[in-house]
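Paired with chain B in one complex and with chain C in the other, chain A is shared by the two complexes that follow.
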Partner chain A sequence: MPEAVAVLEVEDVVRHYGPPRRPVRAVDGISLTIRPGETVALVGESGCGKSTLARVILRLEPPTHGRIRLDGEDITELSGAALRDRRRLAQMVFQDPYASLDPRMTVEAIVREPLDNYRVGAPEERRICVAALLRRVGLVEEFAERFPHELSGGQRQRVGIARALALQPKIIIADEPVSALDVSIRAQVINLLMDIQRELGVAMLFVSHDIGVVAHLSHRICVMYLGRMMETGPTETIIRRPQHPYTRALLDAIPVSHPSLRRPRRLLEGTPPSPSNPPQGCRFHPRCGFAQACCRSAMPELRSLGGGTSVACHLAPLADASSTQGDHVQ
Partner chain B sequence: MAPAPASGPGLATTVPAPRRVAFRRPGAAVIAGVAVLGTLVVIAVVAPLLIHDYVSINTGARLLPPGSEHWFGTDHLGRDIFDRTMVGSRNSLVVGACVALATTLLGVLFGLVAGYFRVVDSVLMRAMDGMMAIPGVLLAIALVSLLGGGLWTVIVAITVPEVPRTARLVRSVVLTLRELPFVTAAISVGTSTPKILLTHILPNAVGALTVQATYVCASAIIAEAVLSFLGVGTPPDIPSWGNVMAVGRQYFQLAPWIIGFPGVLLSVLVLAINTLGDSLRDRLDPHLARRSGL
Partner chain C sequence: MIGSPLLDVANLSVTFGSGPAAVRAAVGVSFTLEAGRTLCLVGESGSGKSVTALAVMGLHGKGAHVAADRLALAGESLTGVSPARLAAIRGREISMIFQNPMSSLNPAFTIGYQIAEAIRLHEAVDKAAARRRALDMLEHVRIPDARRHLDSYPHALSGGMRQRAMVAMALACRPKILIADEPTTALDVTVQAQILDLIETLQREFATAVLLITHDLGVVAEMADEVAVMYAGRIVEKGPAAALFDAPAHPYTEGLLAAVPDHRSARKERLSEIPGNVPVVNREIPGCAFAPRCARARPVCAERSPRLEAIAAGRASACLRRAEIEAERAGHVLPCREDRHA
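Presenting the complex of A and B:
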């Protein structure tokens, strides 16, 4: 990939909620770079701060600390018209296709709204543009006059994708775009996103709790836990040779399609600790099977292992890292 | 890892059946409500054109019971109750409609602003709370004595105490709606705040607002009657159901028809408006509409 200006640069972003004395550390120092045309997956359990990070990136909420650069320009301090102007470069696909479409608007009005906002083309052209967008996401033109409640979940999510594409953004932020859909529909929507990504060369940040899903579509994976980045690297490497125990646990949690494929699994127990009172040392140590004394006292920094992989674990590289875990991800 | 074949057009081409295939037939209650309201509106428009003499005093025909000469009987000054009730229906309906309209407009304005802008919220809503602490009728009496009697004074006096309640309702609806993903989506596609309020928030609050407006309309008609009853409503030369009933109160044991006829009409009208408000809400709500196959 040729070196170009990164579409998105997130630099040590922190987002705390509540009283500054004892805040909820939803996002606690995340850095992330996405290059043009690249798909990066952000993976982690519910409540690890991945959706918050997505919202902060779009400046739907302000970061407590840190910098966000969109297509080379710092948007951290922007507001009002300047922010609105930059926002068209990054568009979002939402998790819940039922709640993210205005129930009182037709599909055409929904997809047209961004075009009207930025006065893209002449008003008559926008209608044609909407029709083209609908075709692009696999909906026939007749859908334009329908209301969201007349559509299925998958069709609604296609409308949401068409809306996100309307402004020809440089990056699409997909916040768990398939987790609210039927399993049978998921593959269709994921394939649609992949096609669009390839065809238009748009970059994508794909937020998901399911590492199995993102293995198919991302170039790189970032694993988050309790607001911190645990591991990041090329998808292939992360899947085949996960270094962080948490990443391995996530991979172990992927169900296999046949009992004969079952392998020894190390599943996580319990729930993540409260982000308002994270554990001392490594945030993962209370649930980690490998935890040592140093894990309880010192917080591991993200350090590079070469090959584009970085891990925040004292014990990495793990001795048995080249396990067979990834073979089950097809 | 190989991706499945391109998901081009064809995968999701099952177009839903044309919407509104079956128009839901209105129920008996709705038909009755429309009939009652329609009849009264026609009366309110036509009666003042046909009946001119509803104020002259005829001492020879005091407190006559209902009969062929005076269908609804007469009052203590020999005025025909039928004439006064029919003409009065206009004033009652005008009060109800104007108060509902004015309250809704002001309530929406305050509610939208308070619900969406946190800074304004605390100031505006404390003022509204303060107004709500004063009983509505008391406030209306104070306003009428301040502004002097008359139809428009009564409308203002009833509107003012009703506004906080509508504003509160709108604010609570806005607070719920603003957190929904479709509002976030609108922000992220660059929709300006005023446009979000007008095209996303307000249309989704219409259901709740309609019901509230019909409720306000009904209670304004009653409030007008109460004010007249207390002697601070419309003056006697502007008959309304309220001031006809106010007279009837004094002669209730001698001539119950004076208070009876406008009273029954008032109840029927309020019931009709409330019924219509409920069914309107059901129809305006897309979720309910879907369930009932609208």
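Presenting the complex of A and C:
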């Protein structure tokens, strides 16, 4: 698998807003690679830049700096018909399926729209294709004639997934796709996404604030904070041996799964500072319990610790690699 | 137990509209809450958990019809009391916080003014004293630089800070009961942990009872002493938190617990699903409302409505098959408990 052409390569991507002299540094030098069939999770608190990065990857916004390669081709400078043609390889699934589905269109028309837009097949073939897509996401044929308001939240999200699959993309970018769903429905949609990925071999970038959910379905996790990559590595390594103090804090904040597992909370105090005026040195240092003088003066670069893990922390690997609760090591 | 419980709710029903089109949002809901304890009302959308809380507060709108055999605070009935008395109880004896702090905070007034007003509404103190108390509360909820934020408007605060300000206002009169409706749902996990910790700390300090409404079983595992699980307007299971997590008695509770991904198991297995959709309670469902989604359902479940009945000390389940499920459970330890000893 590592030999295959990457589906997505993001190289030192920067996205700044506002005046160049004092910009809002929403995304500030992010690199990541996604291979065919791989699910990569992008996690971080609100405002960390993860959704902006997703939009830049899809070229819904131009990057201020950096390169984006989709299926081997550089799309950073593409525009017009050339961009449109490449864009079909990357499709998006949104958090709020109600806001992202046109209320005046039937389910059939919503799922068919991308096929119409790209003139895929004859009209009759499109109809058959839509029926197959709806079946694939677990919606019976009767749903084709319904409107979004007649569907439950879970059903709407299935429609959103069917629409994203219509053009047989190489990668699906899902921004908080299960955050708005009820618990019993969330499991259905997570399973559907996992099934689709296994069967179709489509790559996935899963953007979420919930490291607990993404741990379940991702192969790799990227942790973002204030526009920077803090740590990246195989999911199991990140969960069991988190190296960055911020990754640990995110894991520590996940609620326990049973009342008998309660323990004194180790709180990450405060909230992220504004990306228009990020702290000097390591961006996490004002909230970090381990911070030392060097953390306040120099910005740590992302460096490899082996085993596919990279971390942007002066102090890594931390001597005490396990959390004091022993939760992360088994 | 000595005397009456702090909050005593028996056979509470909330109905919207009338006749055949009536929506029975809550049906036959009963629970009690003791001082200093936390009861979690758990459910998905449409389960009736928020409607139940609003009815307890007397905050249900004009369109809702509330009936109850008993709805009492420390022995005093809340049904049929004058609006003036209810207003006096609300805020002073029971107060409420919401998912969105802006639904409680007025954007046109400073944080300090709003907390001071809440105090002066219920207590005969002068403005200066109320302002000192407001400052004290902001410090209690650990808002940094509290003195400055006394004169801040809500929009100047972050989401987590607004939530803290709302907690400060809700607890300013030291109510006996705090009702918290999804207080952390819109927050990042890191801020959620801060707010849960804050509620717990203040609860210990003031001996407040907490009625916590949530859809999140992780929040329940963190906070609850007692749990009541609601489905389609009814309580389907209740009991002490640890016992309920150890061995859920109702198939719905069992399904909910199994559907939560566990980040510690790095296995990429399919999650256990509850098939079908969360029901909309716009019509009377014959039999058990969960039966259409229930793996354990028998034909009888579609015909007879199960009643909430005791199964063990402090535990109750509304399932026609509860005896069989219990017998099955008695035989073996559930495999999902292994992580507790890791």
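To be clear about the criterion, the second predicted complex is superposed on the first by the 317 of 330 C-alpha atoms of A that agree within 3 Å, B and C clash if a C-alpha of one lies under 4 Å from a C-alpha of the other, contacts with A are read in each partner's own complex, and residues count from 1 in each chain.
Assume a residue touches a chain if its C-beta (ideal position, glycine included) is under 8 Å from a C-beta of that chain, and two chains touch if they have at least 3 such contacts.
As the structure is a prediction and not an experimental result, all values here were calculated from the model.
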Partner chain(s) touched by A:Glu142 [first = chain B, second = chain C, both, neither]: first
Touching partner for A:Asp182 - first (chain B), second (chain C), both, neither: second
Touching partner for A:Ile171 - first (chain B), second (chain C), both, neither: neither
Touched partner set for A:Ile254, first chain B, second chain C, both or neither: second
Touching partner for A:Arg163 - first (chain B), second (chain C), both, neither: first
Partner chain(s) touched by A:Arg84 [first = chain B, second = chain C, both, neither]: first
First (chain B), second (chain C), both or neither touched by A:Ile34: neither
Which of chain B and chain C A:Arg104 touches, first, second, both or neither: first
First, second, both or neither for A:Tyr118, with chain B first and chain C second: first
Interface residues of chain A shared between complexes with chain B and chain C: 152, 154-155, 187-188, 191, 194-195, 215-217, 330
Residue ranges of chain A touching chain C (in the complex, touch as defined): 45-46, 152-155, 182-188, 190-191, 194-195, 209-213, 215-217, 235-236, 239-240, 249-262, 265, 267-271, 327, 330
Complex interface listing, chain B residues touching chain A: 1, 3-13, 15-16, 19, 180-182, 184-192, 195, 199-200, 203-204, 286-287, 290
Touch list for chain C against partner chain A, complex: 44-45, 144, 158-161, 188-194, 196-197, 215-219, 221-222, 224, 241-242, 245-246, 255-256, 259-264, 266, 268, 270-275, 277-278, 293, 337, 339-340, 342
Chain B-facing residues of chain A, complex: 55, 58, 60, 84, 87-88, 91-92, 94-96, 99-105, 113-114, 117-118, 135, 138-140, 142-143, 146-147, 149-152, 154-155, 158, 160, 163, 166-167, 187-188, 191-192, 194-195, 215-217, 330
